[in-house]
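Heads up, the next two complexes both have subunit A, just with different partners, subunit B and then subunit C.
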Partner chain A sequence: MTTSPDMVIIIIDLVLLTLLCLTAFAIMLVRHLFAVVALTGAFSLLSAGLLVTLDAVDVAFTEAAVGAGISTVLMLGTLALTKRREATKPKLSPIGLMIIFLTGATLIYATPDMPKFGAADSPGLMHIVPDYIEGSKNDIAVPNIVTAILASYRGYDTLGEVAVIFTAGMGVIILLGRRREDEYGYSEDNAAFPLHPEGSDNTTGKDKS
Partner chain B sequence: MIEALISHYNYWLIIILMMLGLYVVVSRGNLVKKIVGLNIFQTSVFLLYISLSKVSGGTAPILTGKPESFSNPLPHVLILTAIVVGISTTALGLALVVRIRESYGTIEEDDILIAERSQDVSERNGGSA
Partner chain C sequence: MFIGATTAVLVAMTLVLYRAFAGPTLFDRVLSANSFGTKIVLLIGLLGFLTDRPEFLDIALLYALVNFIGTIAILKFFRYRNMGLSSDEIASREDEG
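Right, the complex of A and B next:
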């Protein structure tokens, strides 16, 4: 076993990461929101592939189901209820550029302190993980170590996760459960702050019954 | 130099990805696009954690009976939880976008700010608009 990662893994890694960066660029530039959502699905699928090469098969599975599946469906649903097109032209934001260059430089400055990619002696592996691996073999007898940790050693984390999903679900129901005023989902008459009070170009709220 | 490149290139590319997501959040006014940017940022944080757990020569952490070395399973568990929490926040954010569209008739940040300001002015000029 060598300490430096395999050449094949590196090449697959590089290809997938480059594709991810290109997809993110495309998401940044495209203005049609339908295309943006489709690209987000592709982004999730690519990252699921990358997670498989990094040995995280359970995470890849979840990412493919949740990221590429559910979140795409949710976003398409939102687009059906809102607009399909971004109004403003994408323009360079100097403050944004400054923020990301500062943050990125700080993060990259910190990376030499991180364990080498693929190192077998990284600190994260030393502390409690050997116990978990032994325990999942001897005490819990579940072949998948991730399952053993998720459901048994860190069961309370998973309980907290269920609480988070419940809270989010309640929030969505409270926000959207109220019946809409008309079938278009938006009515100029009932809007708290009508944008274009007269001579509006908004076609959805025109038909007054 | 080559040594440092091979041992850290993964982190650097993921950081670039992270910054792309952050830039979409900061610079774009459309609320749906902001949430998409947040998703990119989130996914790259997941990738950063999972890269930390990779052990070269190791396999996925599933016991097969043979003695072998595994990648670190603990970050996998944490990120599984994080993915689910992430979809919860995305769902809540999208629900907020739908509500904002119902109340303001737009999902562009600039238009919402204009509407807010005109509301403030009309309140100052004597109560109900």
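Right, the complex of A and C next:
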């Protein structure tokens, strides 16, 4: 056998990408929303695997934690408040399809112009990154360059991100958090629009797909 | 040997995904989502050994933890139809059922 690890990595990439495409089509076609949640979890894990093969281990872990972990939980929380089936059958719009194909073709057309994977002289690394690498040790006195960039050089940027994530978290808690039956007198029983009408909570898997 | 193991894991991933597409019951899908996570954990571990970086095993362990949380959430959703119950409410529902 003359197969080198590089060959194997390429084959793994191909298989993972094929599975990713299949999962995307399945998410599009399946009408049962619980299956869609399970499939989006699989989709996130697949893209995390692809990112690991691209050596972007930190991005991959964020993808796995947010995509497969938190998103699954949040989507299930949403499913608990809504129905489990998509109500309307979407219609195939030719204009939308054309726009998507055009965008995809443009992206593929632009791909060969991108710098080679991992090239040290790619434009993104020439502008300010040398300054970061040179300066971070003396300017910031943090041994890890990534930490220095995120926490100090781009400190305001990170602060803005924290504000965005905090707002998103508050929104999710307000929408999905547990409803309190407290001094405001609100409870499931006397709500004008009950979220769980009588007889709607079937705990067994009665509605099979 | 690692190449053979990787091939086997990729084939297993395909089979598990097929079960997630086809169903037919919800529990097939829960099981397939969970075991798909396990396959990814295995694949990342194998990738580390293929590229001579066994420290990938740590990442694989973290993935296993995340996968566990997802499965627990799915099962809790099935049991109580609600994600925000406190332990008291769970206990009272256990008594009713």
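By our rule, the second predicted complex is superposed on the first by the 136 of 209 C-alpha atoms of A that agree within 3 Å, B and C clash if a C-alpha of one lies under 4 Å from a C-alpha of the other, contacts with A are read in each partner's own complex, and residues count from 1 in each chain.
FYI, a contact is a pair of C-beta atoms (placed from the backbone, for glycine too) under 8 Å apart; a residue touches a chain by one contact, two chains touch by 3 or more.
Predicted, not measured: the structure shown is a model, and the values here were computed from it.
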Partner chain in contact with A:Asn144 - subunit B first, subunit C second, else both or neither: first
First (subunit B), second (subunit C), both or neither touched by A:Asp13: first
Subunit B versus subunit C as contact partner of A:Leu159, first or second or both or neither: neither
Partner chain in contact with A:Ala35 - subunit B first, subunit C second, else both or neither: second
Greater residue coverage of subunit A in the superposed arrangement, subunit B or subunit C: B
Which superposed partner A:Glu63 touches (first subunit B, second subunit C, both, neither): first
Contacts of A:Gly104 with subunit B and subunit C, given as first, second, both or neither: first
First (subunit B), second (subunit C), both or neither touched by A:Ile133: first
Subunit B/subunit C common contact set on subunit A: 1, 3, 5, 9, 57, 77, 79, 176, 202, 205
Complex interface listing, subunit C residues touching subunit A: 3, 6, 10, 13-14, 17, 20-21, 23-27, 29-30, 32-33, 36-37, 40, 43-44, 47, 50-52, 56, 59, 62-63, 66-67, 69-70, 73-74, 77-86, 97
Partner subunit C, residues of subunit A touching it in the complex: 1, 3, 5, 8-9, 12, 15, 19, 22-23, 26, 30, 32, 34-35, 38-39, 41-42, 45-46, 48-49, 52-53, 57, 60-61, 64-65, 68-69, 72-73, 76-77, 79-80, 176-179, 196, 201-203, 205, 208-209
For the subunit B and subunit A complex, residues of the former touching the latter: 4, 6-24, 26-30, 32-33, 35-37, 39-40, 43, 46-47, 50-64, 69-81, 83-92, 94-99, 101-108, 110-111, 114-116, 118-119
Contact footprint of subunit B on subunit A as seen in their complex: 1-6, 9-10, 13-14, 17-18, 20-21, 24-25, 27-28, 33, 36-37, 40, 43-44, 47, 50-51, 54-59, 62-63, 66-67, 70-71, 74-75, 77-79, 81-83, 86-88, 90-93, 95-97, 99-101, 103-104, 107-108, 111-112, 114-120, 122, 124-125, 128-129, 132-133, 136-137, 143-146, 149-150, 154, 157-158, 161, 164-165, 167-169, 171-172, 175-176, 180, 185-186, 188, 191-195, 202, 205
